[in-house]
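Next up: the structures, one after another.
One chain, subunit A, appears in both complexes that follow, with subunit B as partner in the first and subunit C in the second.
The block that comes next holds the complex of A and B.
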């Protein structure tokens, strides 16, 4: 695409326009799902969903609600494109990722449509940077068909309680075993590594437990290498919801607090389960946009 | 074996594990009547460390559950360290730590009771049980320095992290000198700087050594013990003898004691002598004259005689009650030559350890526990196998 100045398109020519006072509200969330180079973006009137997938087994979605933007316009729904997430994040933090307090970077993001680059106008202290990031052919994303009616067990924990557990996972263990049960041990994370096994138990009456809804004992094993990247989201979040459905698929959702104090759910990851019956991999997906808050 | 550590002591235990992890790859855990001992030795066997936590250190301390034999075990340092990895977390969230040994499943179970009722259970596999026992006697060392760990900790702070060895000696005016040690063949970039710290006599609680004595030892291990001693606000005593003889670094309070035994360089290099103040240059001849009838042993690589035998005890509580082999220079253990044969290949196979020729190995022999321990299950096993056969 030639970079020579073209007549600026009229506002109505853009299929997506989004403005944000504080770019960190966006970049923080995108960092949480940045475990692969590329991401697919979907924009609807409700907001923007950014999806990253790995190994056809795990899908991470960040959902940035329209309300978080000061201005948000979508012409024809849905607007989809694929983009290099690393480049996008580099551009968003072009004024530095840790700005001086009280010195916010504002963002205006425009997308003209299929074949056009994503335009970013970043402004801080009167200095404007314009970034054009080439967009790519959108890829089909996985549909794990994870729907809340099939959810068997659901726990909401304060992230603080899981953070350390995830950062200290024994990576010599190939799997992480998650036990959710209405009876003891209620909620247990287990690894089986070279040095031996370890178990982490959370009682259901713990202060960390925001809600505990387990109907049936489930013991599921997930590949630890696919779960590990979710640590990034965990670190940023204040609450995490852990759900498993009747097929053993796992959905983890993180509530990340905005810098302005607004809460929103970042939907992250649904995991493969090693099926006991057929010894094949299955896939899970969370619902498209989840209700915000609990 | 079962013990429970509570409150702030969990962090103390964790700190001890951290400082042991600077030395060896394996941790020997042995419950004794007078406390739980944690020991390790480095791969070139030039450094040995042990901590003994008195029964009072624990909320509950049980050497053996009734009807069970006393166990001791060896586990990978890495796996034990992973339990205590984050000291901040230990301090902030862990309320209680239970350690129990299960002989039947060969598992060491470490359970951390954390805030909010969260419970972490680590089942660590352990290996065959032998006892690691270095025999050393601080009392036999003619020279003793004792100072608050903070004083020594601050003194080693300016030394570069990459520095392998440091020379400790008594300089003019009975000032204690710490100087970076340099090998002749070190490349010039590192050679360009020599760091020397000098501490006045008044900072020492005890200074029993004359001007001119000096030893050179590894800094990394020393730092490990110092960081523990500093956090526990203890004073550290250094017992040493002529160059080449092991130096013993000891800390002690009512609930625990710790001993690190480090090899020292057998002779000061000519290079380092150049850098020495006149007082520091003298020590070797002086010491040798002083120290022994059998001066020859220093010239030979006959180290092992001075140090450390590893013994395996069959009984449950005997290892610490054994009379230590004397460290007096003219003592020669009978099995000396044999042990040395074993030690040599080990030295040569370990890369990244201190220069093998320079440091004398503090040799630890290793003998597996005899299969028939008095209360062990072996008679039964024998019967079974006969039956099957």
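The block that comes next holds the complex of A and C.
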């Protein structure tokens, strides 16, 4: 076998072994959080969590549950390493991003432990690709301490309802203002750009609204450039849960449907970002509109 | 010097269009060589082109219903012209569903290859579209640079796998490295490999088969598992793969260790040879 030049380590030498019949179940989710070059991976018996962070105020997590894999073994938990996500995604989609129907790429992923590369064995139609990706020192990830007991407002929407709104956000606006309230306007997205301001309201009884749980009126502003990358996840998902806690932190969770049609909240992508307090004055170009921060 | 040819058969016309598209993807400018029985698209090996060369051959009678030519002289009954490949492929793009296509050498204000396309319209009256493609006639003294390249004695000759799989693999590899290692042995194994500081990726194609060695030159004492390898510029290899829209009837890859890799493809009756030199 040309695959293994030196004697392969025994199965028990690996601290992580994961096998997947359809690699797209993994690559799709990772693509959704690919807004920075590097990611930190944590593997436990429950599955793998991949975390990407930016500017110390946004964090995206993809949970790939152990049940998604056909085989999943973790020796000593947690297994942690940092990896170049761009390279990982290129390797996972080496046989093409849009394979022919019925032509699945199978994956076997092995990691021997600290200091070792992550090994990927991909197979499609008898052709095998071996990738050896060097791993890096894991980095401390942020802990936003976002816990469900502090959640004040929570909405679950069908993603299609938010998709268009997010892809057409007025990027000349520095912020996106999210209003969640038990009373009118219930759920409102506002931008304040060069050409004026825009407000988008979702009525409480809209068909898109899966659930509406708002207890208190909250008006929070988030940096639009940090929110924009979440569009990738939104496009892939079917449902999105929007939650804010008592500090104004925002959590967006996406339900992504598995390609095999497994249709539960298996794959969750979680975005948590800090609310920014804006004390600057801002002039819109029409000159009529003046607003100040909270 | 005269040349005039006509295609009326739709299948031939499509095939000719496909060949010209393939050539356009492989080379920006190329030489068209016209002989009584054959047409060639030639990309000579130049330093500017990074040493890549191409030789594409079409038997004229399989394409043209009418074919007349008169070379430079009786003894040298050939014509060599240089043209921009995109001009030709663009002209032929309008020839889809055409009734007939005529190609001839003309001299309006400058030498041209004139492509006239007869299109059918809804109201049975036909329309003519004419493209004048500027050409440069290549003088006799330069012909010697445009002869069929000799295939060097290779270390390993192997059949190619499905080109589409190869293309998607190489496309992803290009994102990581500029430098591709092609390895093959006489056991029918072909490997594509890239190595960078971050990652090593190797794709293994197995059981491809080796063509029976045609020449005596192939070293007989070579052990079947021994790999012959060649390092090439990944973009040049990808350009070759991107030009192949249809899987060839037959495809062979010849590896000359550390010197070059030679691809020999046969599309129905059109043969294409493509040479990529090794990186030093």
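Methods note: the second predicted complex is superposed on the first by the 258 of 294 C-alpha atoms of A that agree within 3 Å, B and C clash if a C-alpha of one lies under 4 Å from a C-alpha of the other, contacts with A are read in each partner's own complex, and residues count from 1 in each chain.
FYI, contacts are C-beta pairs under 8 Å (C-beta built on N, C-alpha and C of every residue); 3 or more make two chains touch, one makes a residue touch a chain.
Since the structure is predicted, the reported quantities are computational estimates derived from the model, not experimental observations.
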item: First, second, both or neither for A:129, with subunit B first and subunit C second; value: second
item: Which of subunit B and subunit C A:231 touches, first, second, both or neither; value: neither
item: First (subunit B), second (subunit C), both or neither touched by A:93; value: second
item: Subunit B versus subunit C as contact partner of A:164, first or second or both or neither; value: first
item: Partner chain in contact with A:208 - subunit B first, subunit C second, else both or neither; value: first
item: First (subunit B), second (subunit C), both or neither touched by A:199; value: first
item: Doubly contacted residues of subunit A, that is, touched by subunit B and again by subunit C; value: none
item: Residue ranges of subunit B in contact with subunit A within the complex; value: 75-76, 78-79, 82, 85-86, 89, 93, 107-108, 116-125
item: For the subunit A and subunit C complex, residues of the former touching the latter; value: 2-3, 84, 86-87, 90-91, 93-96, 124-134
item: Subunit A-facing residues of subunit C, complex; value: 161-162, 165, 168-169, 171-173, 175-176, 189, 191, 197-207
item: Subunit B partner contacts - residues on subunit A that touch it in the complex; value: 161, 164, 168, 170, 194-203, 205-208
